[in-house]
Every structure is written in C-alpha cells, then in structure tokens.
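Look at the two complexes coming up: chain A is in both, with chain B in one and chain C in the other.
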Partner chain A sequence: MRKKTWLLTFAAMGVALGLGSVAAVPANADTADKKIALSNNYAGNSWRQAMLKSWEKVTGQAVADGIVAEASAFTTSENQVTEQAAQIQNLILQGYDAIVVNAASPDALNGAVKQACDAGIVVVSFDGIVTEPCAWRIAVDFKKMGAIQLDYLAEKIPDGGNVLEIRGLAGVFVDDEIHAGIQEGVAKHSQFKIVGSVHGDWAQEVAQKAVAGILPSLPEVKAVVTQGGDGYGAAQAFKAAGRPTPLIIMGNRQDELAWWKEQKDANGYETMSVSIAPGVSTLAFWVAQQILDGQEVPKDLVVPFLQINQGDLEKSLETTEKGGVANVEYSLDDAKAVIAGK
Partner chain B sequence: MNVVAFLGGRAWIWSFIATALVWLATVAFTGGTGGGQILTAALSFAIFTVIVGIGQMFVITTGPGNVDLSIPATMALSGAVTTKLMDTQNEMIALGVVVALGIGIGVGLGNYLLIRLLRIPPIIATLSASFLVQSTAIAYGRGLRIKPPPLLADFTTAQVAGVPVLAACGIVFTVVMGVVLARTLYGRSVLAVGQNMRAAWLAGINVERTRLFTYVLSAMLAGLAGLLLSGFSGGSSLNMGEEYLLASIAVVVIGGTSVAGGRANVPGIWGAALFLYLLVTMLNTFGASAGLRLILTGLIIIAVITLAGGGEQQKR
Partner chain C sequence: MLQRFVNPRLLRSALPALSFAILLVAIFYTQPRTMSYFGLNLMLQYAVPIALATLAQMFVITVNDLDLSIGPFVGLVACIGATFLYETPLLGILMLLGCILLYAAMGALIHLRNLPSIVVTLGMSFVWLGIAVLVLPTPGGKAPEYLKALMSLQVPLVPFPIVAAIVIAVVVHVALMYSSYGVVLRGAGGNPRAVARAGWSLLKTKMIMFGLAGFFGVLSGLSLIGLTTSGDAHIADRYTLYSIAGAILGGAEFVGGRVSPVGAVLGALTLTLAGSFLIFLRVSPDWQIGAQGAILILVLALRALISRGEVR
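And then the complex of A and B:
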C-alpha cells in the first residue's frame, strides 16, 4: 500500500516535470502562472510614491493581460535592513517566482537574497541594488549624474565661479557616488570651485535649513549642484536671504519644475534637471519577467537617467502630476532594448 | 526664595553660553561677515523645534517613561491635510489652523487611550500611533505638495529688522507656557505628577487628567508646527517631520529639563534649539565632513549635558 503511494507520487512528479519541460521549450515560455513580488524598503517621499504608483499601473495591466499571475508590492514600515530581510524571507515562503527589490543596503540583505536564489527564486535589484552575485542589478550611473552637472555649468557659465554643493543622506552609497562625480567634474572644469557643502537629505525642508545656515558665510554663489529633491528648498533659502538666485540644478520633482517655469516666465531663468525616473521599478518588473521567460539577461544592467532641458520643461511639467516626479514607465519592448544593451 | 528658584532653574544658562560660543566661533571663521544673517536664519528655523520641543517637554516632565514619538507623523499629517484643505486660499487659513489643532487633539487622545486603556508603555504607544498617523498621511496626500496660502507664507517668512515675526510670536508663546507651567493648577500638576505620581495622587491631583491634557497638548503643538512649517517651506511633504523626532527630545534634555521628570526648563528650549542649529551651521562653515560633523555634534551635546547636569548630580 505504502509502496504504491510512493510510485504514484513519482509518476505524478514525472508527468509534472515532463509537462514543465515541454512548456519551457518555446522561446516565449509561458509566464502566465508566475508570481512576482516587489520588496520595497521605504515609501515616505514623493519619489517612492511615484515608483509604487508606476509599479501598480504597469504590473496591473500585465496581470490583466495574463502575462503574469500576480505582481504585488510590499513595503516595510521602517527603513530597516532587518525588517526587509524578514520580509524577503516571508516572500520566499509565500512561493513567489521572482522578487524585485529596492534594497535598504547594498550588502546587508545579501544573506536573505542568497536564500531566495537557493530556493530557485529570481532576484532583481534596482535603484538600491544588492551586491550578492546571484541577483540581477539594474543600476544607475550615479557618478555620471554628478559629472554632467558640471559639464552643463561649464557650458552655461564658461568663466566659472563659486559653487555650493547639496549632498544627500550621509553614509548612503548613492550620495557618495554622486559626490564623487561632482568632484570629478570640478577637477575637469577647474574654473569652478566648491565653496560650501551641506547635506540636504534629498528633502526640501532639510536642504532649505542647511543652505540658509551656511549662506551668510559664503561669497557670491554662481551655481548650486544638487542630488534631487533639494533644489526647491535651496531656492527658498536664497530668496529668504535676499540673495540673487544662482543657477540651481533641479531634480525632476514637480515643485522644482513648477518653480523653474515660474522663474523662466518671469526672467528667462535657465537650468537643467536630472534624476532617475521612478518608473525604473517597471523596468525591473519586465526584466524579472524576461528572466522567468527563459531569456538570457546579463547580471548587470545600466538604466539611463532622465534629464530635462530648457526646451522640454513645459512638456515635462504637463505630464508630471502635481506633487509627483517626472517619470518614464517602461514597456516590455523598452526592457528588451535595455537588456540588449541599446 | 527667589534666589533659590533662580539657582534651581539655572541649567538653561549653559545652553545659551554654548550658543554664544558656537556663534562667535562661526563669525570668527568668516571674518565677521554674515553674523547677523546667521542669527536670523537660526531664529527662523529654531522656532519649529521650539514649538514641538515645548510639547515634548511637558510630556517628559510628567515622569519617567513618558515621551511622545508621534510628533513627526502628526506634523506630516497636519501639513498634508491643511495645505490641501486651504488650497492656496487666504480665507481658509483660520479653518486650516482649527483643523491642524483638531488633528493634534485626535492624535493626542489616541495616544492617551493606548497608554491608559491598553496599558501600553508611552514609548511603544506613541511609536505605534505614529505608524498609523504616518500611513494616513501617505494615503491621504500621496506626497502631494500644494503651495500654502500667500498670507500664511508671508506671515511665516516675514522679518522685521532681521527678527523673524514667527520667532517673536514664539518667544511670547514661550513666556505664556512658562507661566502656565509655574503658576497654573495644570502646570503645577504636571510637575507634581512627574516628581512622584503616587504622592500627587494622594495629594488629590487628578493624575490621569493631567497626563491626558499633556499628550493632547504635545500633539496639538505638533499639528500647529506642521501647518506653520508647510507655510514656511512652500508646501508640506511626507518626511518633513522626520528630523523633529530626535530634535524635540534633544532640546528638552540640552535645555536642562530633567529626563526623570518633575523639573522643566522653559527658556532652555530656546537656548538648545538655537544651539543645535548654530552647531550644524558652524561645522558646515568650517567645511567639516559629514562623519566629523556627526562625531563633533555628539561630543558637544554630551559636553553641554554634562555641564548643565553637573549641579543636579551633586545634589543627589
């Protein structure tokens, strides 16, 4: 009796395996029964809100179209590594086929990520990437994001001058990378000099406070280089101090773009704006889908950042919702192009 | 009697001395330029720390274990709801203020009920309440940034001869709260409860009503600060209260209020708030790196607290 049960089980497994391998043969294998989860570590600012909204929109459509069975987003309440590690372990137990993760730390989640890989789960990290080799990484060239700001300044203010740098959150990898890029840019365009550097934590209120504090001690400031989410605060601080508004690089937030438009209409103010599109979460989704689909995907992908120039301002402002961030959502074809390295 | 009272409350002097030293160091470094503007900026930003700091001071004074961790979330919710409600219209400001205070009353009552009915320690109760409040703010505003009504923006950023109007109002408010603490039945109940809850109860003080009022007061001030801050910085954002969690506790402690409760120090809040702001300004002006800045901030705060608390330890 017992023997028979075992045999039956083996037979059933054999059939299941056979069916599985048959289904996997065509190039476009069926991902219709696959479940993808988003593990997100933070939701408390406009960028993350836009990121979650894009995810909802694009994956909702993908589920409705039957491309995948499920694509749920999970966000931890505190921006804590331990909490996100526990969350990933839960997602493993819940049987997801792929986990898309925006990580709280590049290395502290590696243990949980490795567990997921060992359980046969595809892990795709983006924005906040993880270093665990078994995971895929969709990284932004943050260094270049810093360097091009100085390239732009060199073009606009050929004579150079004093520059105020607003950095992000101290101790975070992204802050170090953008800062390194800005340093590189200053070395290249030696007519510019960083006369002050403050941490704005990517938040308008914090940036405003820090800039207002250092401003009285600074000589004339020609330009402000930023990391995104801090340009509007800097502008407010310059206004409150009664100083002429310098060229402030913006970071694609709607309030920054609206302020830029106001200034442009009033006095022909010119600048540029650069940041990562929050819709990069949807790129990560399609990459995960492609991997589940059996496609060859390189482990390290680079996503372009979103730059808004003087000419694109009106159009970008129109398409950016009030309180949001200028955004690009990715389609399956866009994802294929990024995978192909185009 | 007056001399004893003065000496008993002298801890606040240290925070003002520290503030003056930090300011002098900064001005010496810049060669005398911008000294006045630095003070103006310090007053403009310190007022928000002072408003929430006073609420936190009352809570901490009611005794060991009492602390309000829901201040940042209340600020975020108040900012999000009121800017949306006022929708840049000057006529709606009065309603906005009422709603900001109303949100504070709601959060304060919620905090107290968790502490009283469910017997959860205040640190856990206010922390978990803050998750609920913050989630409500996220769900309600979704990070929407609406400009404040022009009149509110003008009021919060106005200056007369370098003195921010809001800070001047804040000083008057601080004096009023000082009188409330020292002269009214409620204020004295807060001190008595903080010194010994059982003794206060035996003396006929309504302990629970005092604690209820205190948590509501703290949350109301946080709600008001959220409204004013969104007026000051051109709109609200979900994370605008974040830095006020530790700042509100730090100004209470540096200002000379006893963490064990029962002894409050109102002027010290101002000294500590100005000190914290000028300290960061000084280190920024010196061009200190972020790591060095954090280490120095920590060391200097320890030094000030040790100096300010020295007398108290000798007495015991």
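And then the complex of A and C:
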C-alpha cells in the first residue's frame, strides 16, 4: 500500500516535471513549419489598405523570426462572395494550416469555411466574420462602440440636450449594430434626445451634405454621435451653416484628428475618437498562430476598439498617415490577453 | 498545307476541350495536391452553377440575342431559394416558376416589339436585383437541406462536379443538337426567315429559348445556394460576364445560331480553372482579371486562326 503511494507520488512528480518542461518551451516551437493565409475580400479604401500593410509588417517579422513558415495575403479582385469562396477552396488545396478571413458575407462563405474545417484547417474570421460554428470569430462589439459615445457625452454634458446621429451605409450590419448601441445609450442617459438622424455612409463628403441638409430643421444641437469617417464632414457642415460647433465624436481618421487638434489649439475643444484599428488583422494572425500552437482559444473573441482621448491626441495624430486611419498593431502578448478575455 | 491534314471544323470543336485539358495539366503541375478526388471536387465545385448559367446564356445566344441580366437573375433565385423555398416550399416553387415565365415573357417582348435584347435585359437586370434586395435585404437566409445534400454528394470514384457537368452537358447537347425541334430552335438563330417560311412560329422559339434560359438560371441559383448555404442579392453579379465568356470560349458565336452545349460547359469549367490557376501561380489580385482576360483572348485568337482556315 505504502509502495503504491510512493509510486503515485513519483508519477505525479514526473507529470509535473513534464508539464513544466512543456511550458518552458517557447510557444513558437510548434508552429515553425505552419503556413497561414489571409483571405481578404476588398482592398479599396484606406482602412483596408492599412489593414493589409499591418498584416505584411507583423507577419513578415513573424516569418523572419521563424514563428511561422509563411503568412501570405490574398485579396479577391472584386468584392464577391463566390470569388472569395473559390479563393478559400484554393487555399485549402495549397495546404495552408490556417486561413484568416475577412469575409464578404457573414453567411454565404459558410460552405467553403466548413470544407476548410473538414480538411483540418483552422479558420479565424475577423472584422467581416462568418457564422459557421467551426470557425473562430474575432468580432468587434459595434453595439458598445455606439453605447460608449453616450457614456462619454453624459460625462461631458451632464445636463444633456439634443443630439444629431450620423449613421453609416444603410442596410449594412455594422450600421445597424452601432445604431442599436446608440439607442441603448440614449435609453440609459435619458437626458439626451436624438433630434435628427442622417446617413453619412462613413464618408466625409456624404456626411457633410447630409448634415447640411438636415441642419436648418434642427433646434440647438449639443452633440453629434457618429460611426467614423463622418466627423470632419459634420464639423464642416456646422461651420458652413454658421452654427456653434457641437461636441462631435470622431472616428480616428486623420482628417478628423487634424481638425480636432486645430480646434483644441484654438479654443480648447474637447471630444473623443473611437473606431476599430485596421491592425486587427494582426490580432487575427496571432490568434491563428496560438490555435495552431495547441492553445485553448474560445470560439468567440471580442476585439477592443481603439479609443483616442484628449490626452493622446497629439501622439495619435503624429503616427497617423495623411489620409489614413489611426492604427495599432497587435503583438503576441496582446493576442494572449484577448484570448484570456482581459 | 496543314489544313490538308487537320480538319478545321474538327479542330474548332476540339478547341474548348483542348484548352480545358491544357489548363488542367498546368494546374496539376503547379499544385500536385489538386490531382485527387478531394482537390478536383473543391476546385470545380463552383463551376457547376457557372456552367448552368453559361448554358442559360447559350440558349439566348442561339437566337441571336444576348442576356445581360442572368447574373442578377441567379442572385434573385438564390435569395428566393434561401428564404421562401426554405420556409414555405410551395410558395417558393411558385415564385421560381413565375421567374421562368417572366423570362419567357421577356423573350416575347423582345420579339414582338423588335427591341434590342441588350437594352431589355440590361433594364431587367436592375429589376431582378431590386426584387432580390426586397426578398433578402441583408445577406442571410438558409438553403434547403436537400440542395445542400445534393451539392455535397460524394459520388464514388469521380467527384460530383464532374459527374454533374457531364450529365448537364450531354442532356442539353442531345436535346439541342440532335432532336428535330432542337434543329428548328437553332435555325431560328441561323436563318430566322427560312424557319418562319417553313411555318414555325418565331415567337414560340424565342419564348422557349428565353424560358429555357430562365429555367437554367433557376438551376444555377439553386445549385449555388446549395454550395454557399445562404443567399445574398449580389452573390452572382459576376455571372453575367462569366456566362458570356464561357459560352464564347465554348465555341458559340454571337450570331447565326452556332452554339455548342458541351463546349459551353467546358468553357465554364475552363474559366473556373483559370481563376484557380492564377491563385496557385500567386498572380497579384490586381493582375488577375487582366490575366483571366488574356487567357480568354488567347483562346479566341486561336479560334479565329482556325476559322480562317475553315473559310479557305
């Protein structure tokens, strides 16, 4: 009986030692021969260009460091579901171990994604996520992105007032989500009232025209809630109408940040800016690498969005290219933090 | 000199098969992994809906017209398939039948008012797209289980897309090229006046050909959602160009009722393979459309060369 206990103790120690040595091996040991591909559906705006650049930069370093064998980016020539599905199938045939997807459609790629999973390939979708259960999703909490704008307003303007909402592209899921978040925020902070809502299509010119069109019919506007890419246009519309500039939430675009800085220097203007960093592609890369490494990763991850506050304005503006979007690239440790749910 | 040994007519009809074979060998060479049941299945899966859309286009080309609305039409069918056909099958089937009838009516309109088909179909393409967006405003819906099961069928030995392509090609080829009414239908494109003089109704032939195009468009849309498992109004926007390119690659001519169903199916397969080939070669996406065009021009140039021999 006593002998048996000893044996058990030794066995336990052996297991513990074994585990210890496994943990001591750097996490990149198991993925050195793995190949990861990026399947991207669109490259036609500044956000996507920044996304691809970030991918190239971070994965290029990872390949050079021997963390993975290859990490190529593939973009379909036109934003078409069938084309991307065929592209994913071809990536399966090329023997990639993981495919990172920014999908053209949340549902219509499910067939191809399932085939990839069945072939033993890890599929990680981000930004444009897929609903197929076998894939991982790095989603943006767009609802929260809407809600925090009202939280910020409540802090800055405790008395509340009239709010103008600029929405995105009608019929797109992201627009609906942010809008829902803003409505939630208004319900929570009932001192604010949405007096008008226009579609700015995430573009400054469109937003400017839309705001200019609705302004004459509006009472005094205290604040403008936005979806990104529309704050500068809104500011211009207010200026052209000769009305006092309200508190406009910005969306991390360079022109918006530059305008904010100008106002800040001139009259101490205060606001905040929020959007998703295009570098989220690099987060998806590290998540795929971690899954290949054998780490336990939950299927649904939430990516933190990039918020710029009054204090970080100068620094963010400095690092943002003209015509670009404020960006942040993720490191392996960032990915581990996201996976751990921190 | 060469013409004496090689019959240009034979060469011309062999050209689609030849270009397909060359491309296939090139793909096997660059990516040997494709040379398997699994590989061929994956690579050619999306060729099935394209082949069906190409045949639809070919029917319209047979009667000297061109259909610029087939892509959005396939998208509409996909949307109906992912919504009504799934939730209320009977209503879904009725709607799809209605779509086919509308297509036939479009043929009648083009014939009766003597309108250019390009204008009518271009206009209709926006109508189809509009209805599709009404049916399914944001991408989603669910494909009926039987469609999914059919499209992911595992046939022993030969991958399903190849079996499907052969069956589709042979059935249409026999019906159009060897049946007596098939000859009349092609004649309506080759020499409409003679066909009319012989007592055949040109209106009827046009309606039948457009109706067939609608029918194959429906088949294309249903097979497409069988693969994607859900619908999207813009799912098949590219199909208009694919179908024209596929039909022409397959030996069809824009006028004269000169078409080949087997060729059209091969043309669709070739187009699909060309896309894969360029990805395997790692051609940058900016160049891919251009490269695909170059392949098209190459094949057409070859055909023009052969045709010249034929005339002599």
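By definition in this document, the second predicted complex is superposed on the first by the 313 of 342 C-alpha atoms of A that agree within 3 Å, B and C clash if a C-alpha of one lies under 4 Å from a C-alpha of the other, contacts with A are read in each partner's own complex, and residues count from 1 in each chain.
Methods note: contacts are C-beta pairs under 8 Å (C-beta built on N, C-alpha and C of every residue); 3 or more make two chains touch, one makes a residue touch a chain.
For clarity, every value in this text was computed on a predicted model and none was experimentally measured.
Undergrad: In the overlay, answer first, second, both or neither for which of chain B and chain C A:Ser77 touches.
TA: After superposition on chain A, A:Ser77 lies in contact with both partners, chain B and chain C.
Undergrad: For A:Gln227, select first, second, both or neither according to whether it touches chain B, chain C, the two together, or no partner.
TA: It touches nothing on chain B or chain C.
Undergrad: Contact-wise, after the overlay, does A:Asn90 reach chain B, chain C, both or neither (first, second, both, neither)?
TA: So A:Asn90 only meets chain C here.
Undergrad: Should A:Gly44 be classified as contacting the first partner (chain B), the second (chain C), both, or neither?
TA: Only chain B is touched by A:Gly44; chain C is not.
Undergrad: Applying the touch criterion given at the start, work out whether A:Leu109 contacts chain B, chain C, both or neither, answering first, second, both or neither.
TA: second
Undergrad: When the two structures are overlaid on chain A, which partner does A:Phe173 contact: first (chain B), second (chain C), both, or neither?
TA: Second partner only, chain C.
Undergrad: Which chain A residues contact chain B in one complex and chain C in the other?
TA: 43, 77, 171
Undergrad: Name, in rising order, each residue of chain A that touches chain C in their complex.
TA: 43, 72, 74-78, 80-83, 85-87, 89-95, 105-112, 114-115, 119, 171-173
Undergrad: Going by the contact rule set out above, which residues of chain C touch chain A in the complex?
TA: Residues 31, 33-34, 38-39, 42-43, 45-46, 49, 137-141, 148, 224, 227-232, 234-238, 272, 275-276, 279-280, 282, 285-286, 288-289.
Undergrad: Where on chain B does chain A make contact in their complex?
TA: Contacts found on chain B: 26, 29-30, 33-38, 41-42, 44-45, 131, 134-135, 138, 141-146, 157, 229, 233-235, 237-240, 242-243, 277-278, 280-281, 284-285, 287, 290-291, 294.
Undergrad: If you look only at chain A, which of its residues touch chain B in the complex?
TA: 43-46, 49-50, 53, 77, 167, 170-171, 196-199, 201, 203-206, 208-210, 212-217, 232-233, 236, 240-241, 254-255, 322-324
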